[in-house]
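Chains: A, B and C, in written order; residue numbering restarts at 1 for each.
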Amino acid sequence: MHKYLTKRAIHSFLSLAGLLVLVFFLARLTGDPGNLYLPIDATLEARQEFTKKHGFDDPIYVQFGRYVSDLAQGNLGDSLRKQRPALDVVMEAIPVTLSLAAVAMLVALFGSIIVGSLAAYRPGGVFDRISSISSLAGASAPDFWVAITAILIFSVTLQWLPTSGMGGPLSWIMPIAILIIRPFGLLVQVVRGSMLTVLSSAYVKTARAKGVKESAVIFIHALRNAMLPVITVAGDQAAGIANGAVIVETIFGWPGVGKLMIDSIIQRDFAVVQTSILVTAIVILSINIVVDITYAILDPRIRHK
Amino acid sequence: MSDPKVPVLSVRDLAVAFHTGSGEFDAVKSISFDLHRGETLAILGESGSGKSVSSSAIMGILDSPPGFIRGGTAYLDGENLFEMSQTARRNLMGDKIAMIFQDTLAHLNPVYSIGWQISECFKVHRGFSTKEAWGRAVDLLEKVQMPNAATRAHDYPHQFSGGQRQRIMIAMALALEPEILIADEPTTALDVTVQAQILNLLIALRNESNMGLILITHDLGVAAEIADRLIVMNQGEIVEQGLVHEVFAKPKHPYTQRLMNAIPGRGPYRDLVVSDEIAKPILEVRDLTKHYAVSSGLFSNSTNSIVKACDGVSFDLHKGETLGIVGESGSGKTTVANMLLKLVEPNSGTATLDGEDIFSVTKDRLLLLRRRFQAVFQDPFASLNPTMNVFDIISEPWRIHKDVMAKDRYRQRVLELLDAVGMVADHIDRYPHEFSGGQRQRIAIARALALQPEIIICDEAVSALDVSIQAQIIKLLGELRDEFGLSYLFIAHDLPVVRELSDRVIVMKAGNIVEQGTVQQIFEAPKNPYTIDLLAANPIPDPAQMMARRTARGIGI
Amino acid sequence: MYILGADALGRSMVARLIVASQNTMAIAASAVAFSMIVGGTLGLISGYSRSWISGAIMRFADIIMSFPSLLIAVVILYIFEPGVFNLVLVLGVTRMPIYMRTARAEVLEIRERLFVSAAYVMGASKFRLIGRHIAPLVLPTLTTIATLDFAFVMLGESALSFLGIGIQPPEITWGLMVAQGRNYLQSAWWLAFLPGLFIMFSTLSLNLLSGWVRIALDPVQRWRLEVNGGNNE
């Protein structure tokens, strides 16, 4: 188990290192990094001073070394817009996104396990057909469109819910609902498929031949096995939720990392963009490690590798 | 308990069908039989005979849909299983009627410990506490002779060997001392020596508890070995039933007769006269060695143990000779084949073909040498590319070795080869999935013959086939050998098959050759204790020999 | 021409929807083709090669997979110019890992099959083994994924265009139409609603299609289609 987890952790770390390198070179591919970091109307002198100050005229490997050592010290540059360290700006936005994502993920995961299992128990039945079509529709719907349609109906026409902003419980309803649509739709299908496979497996047959009750067959013998692929997909959905958060935060005006990134891009605040990417990456990789540990706990075959 | 004359299970007119792409398919067509206490009933049949489907239906674990019971009754202690409520039936299952399966790895839940899985029986049917049930599970594991039962109860299915897993399945099935045990090919995936142990265990347990045992098998030897009565099934119907020794002595139905005649290993021994012309071997294998390092350290540099898959194996193969290599799983026989075919790199050793060592020649030279030795593999369903038709499959060797034949002659030659392996010209444009297992193996043989090799390495080439098909392919291989002067390296775990075709035999165990000699020497006068064990463990489908061995086991008739 | 009304500049809604559909489809098709060809090839190499290249390719897939595709796309399109070519490239690259992983997993399984060994024993070259024996068996699976992915890429493209870093006006796609219509939500709701509905119906159809394709390709599952077709209430 330690071998497996260590290997997975090394892979995660390599992914992070790969992203760091990618961001570094992408930022320098455009030629003059001043274009990215400075306002568009910056004077030539300002640009030259900037280049000199940050050593952009040094050889690329010297620059890379400096980049890495700056990263190690948590020095990710200053936000042009707010005139303070980019890391501080991002860390303020992180809790908003995390709470939004955590609530959405929990609702999507537990909801999909219940709906998916029920659908798989009678494949082709009424419940299966309804849940299959609606989960497919959910996975197919463009979230930004659902969001503005929902605003049109619930905020503009019915005036039940606020159009935007982060506030009381009512303001959470639409963002969470929009955010879970895609992962929920996808997870329902994964749970259903996985459950169908497991329910037709040989060991479920053995359990039935032993005279185990149907409820125990499903919730004890089948569910734990069926969860294995679901957990993997749910882990991958962490990235999907982050995608959704960008849209939801932008539309509903939530001060999370997604909105921060889009705002920073529009205002050409590259230090914040870069920091947001790295912090998001670290969060997602941590989630991946949690997923790996859960997997190892559930599956003894992984534990004994 | 009850009247011994009254059957414990009575099946009448059972019919089972499946939904398929081309309508409904009748897998079982109205079969009837009885099972008594303390009796072992063997249901014998080849693949597709409906033998497993009927037991799944009785057990209530038919894959449904697509399968469904069309009609019939199955009375257990006077109650019809097919008409009782789900709850009533569930209470019987695992308690009065239990089942064990062939593929034990798939049939045990991978994420729960085996102790948990066995103790579940007591919790479900007897309402035992967790602790009490666990204690009983450990007792049962001891009863099926699991070493270190108390500790091993905490382990998971993947940590056991195939034989041990079957013991676990048996422990689970017998937990509540059922009246009926259905064993569906319980020893098919196991080595013969392990098979003998499991069969002995089953018989001992049956004698002890006086249960009725239904043994579903394709193996006439196994049926002859432990069954009292025999049912022969073919295409969903019972074609013959009766006492085992009577059926074996005097099979009445033509299908049973065909089946009995197909049993390999009963003809005269082959006796190849080694003349001067063939005295010089065409293939000389010397000190062939393959060791695998098994690592368990984190950074896999620290090797903990070495598996000697093949440890200094030497032998010769002469022209026109068939050399059989027998051994159980892990003996290294397949490793030898894979090394000779260059699918696996040896650590050391040579294999000399006409003075050239195939392990040290250049790549170009090897390509030329490859024409002289070809292979036929075990699983005819897997050894043909499903996206290629018969013409493409058989002509592929010429597309690789372009100078062998002009393109315009391909078709003619493929037709000749098809004819040689007993297929017809119509087959040339068809795809592998349109053929049966035996036909596919014929196609694979035709492909091996395409380059007119001198040596064909047959790795378990008939093991996956039904007995009657097996007999046909063995016959074909023999004819081709005599016609084209081929030499075979015939690798198999099945002793009678090796006896049928070989001139000389090598017995392997744990990477070493333990004994070699002419086929008669090995089968009539084995010297090595392992060879003797192997021969003794092999079930013999012969009434006379069977009687002696059954008496020795205390089965009686 | 004006059945569905017109936009703020008086341009026909129907005409714009049609032009937008062409752009949306063309971009999605090119991106899917790109990721299927490049990703599939990399997956084949990764599955067949036993050297370090195999691991390196999979780490590359991991890196792309680990991070939110939308964020990566946003950054890349920010650094470079948001144009059709870059958009296709970004969408294609972010969707590559699924082909790489699937192709690799399939190759790892297929290369162990006996007919591959049989061809190797005959002396078949690497190119013949991959091209004739392995790739033809991987292709159906990749095609099924591509159908599904087409829907996913359409959603990705429309999200990027909606955020203003995808297709730039005066070019038009459905996603951009939703973004532009958003400003007129209270006066002319259909400007944003209709293009979104079109996106959803297209992706939903593709999802359903891919589901059926998968069942039809699987001999074990095929009876379901036939049985359901046979006694459709």
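The rule we apply is simple: a contact is a pair of C-beta atoms (placed from the backbone, for glycine too) under 8 Å apart; a residue touches a chain by one contact, two chains touch by 3 or more.
What you see is a predicted model; the values in this text were computed from it and never measured.
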By CA centroid distance, what chain is farthest from chain A?
B
Going by the contact definition above, tell me which chain pair has the most C-beta pairs touching.
A-C
Based only on mean CA positions, could you tell me how far chain A sits from chain B in angstrom?
49
Distance in whole angstrom between the CA centres of chain A and chain C is 19
Measuring centre to centre with CA averages, how many angstrom lie between chain B and chain C?
45
In chain B, what residues contact two or more other chains?
none
Name, in rising order, each residue of chain B that touches chain A in their complex.
59-61, 63, 90-95, 98-99, 101, 103, 106-113, 120-121, 124-125, 156, 158-159, 169, 172, 296, 298
So in the complex, the part of chain A that touches chain C is made up of which residues?
11-12, 14-15, 18-19, 22-23, 26-27, 29-30, 36, 124, 136-137, 139-146, 148-149, 151-152, 156, 236, 239-240, 242-243, 246-247, 250, 261-262, 265-266, 273-274, 276-277, 280-281, 284-285, 288
If we count contacts the way the header does, which residues on chain B are in touch with chain C in the complex?
19-21, 65-66, 341-343, 366-367, 370-371, 374-375, 377-379, 382-388, 396-397, 400-401, 444, 447, 451
Inside the complex, what are the residues of chain C that reach chain B?
113-115, 117-125, 128, 132-133, 136-137, 222-223, 226-227
Of all residues in chain C, which touch chain A in the complex?
59-60, 62-63, 65-72, 74-76, 78-80, 151, 155, 158-159, 162-165, 175, 178-179, 182, 185-186, 189, 192-193, 195-197, 199-200, 203-204, 206-208, 211, 224, 228
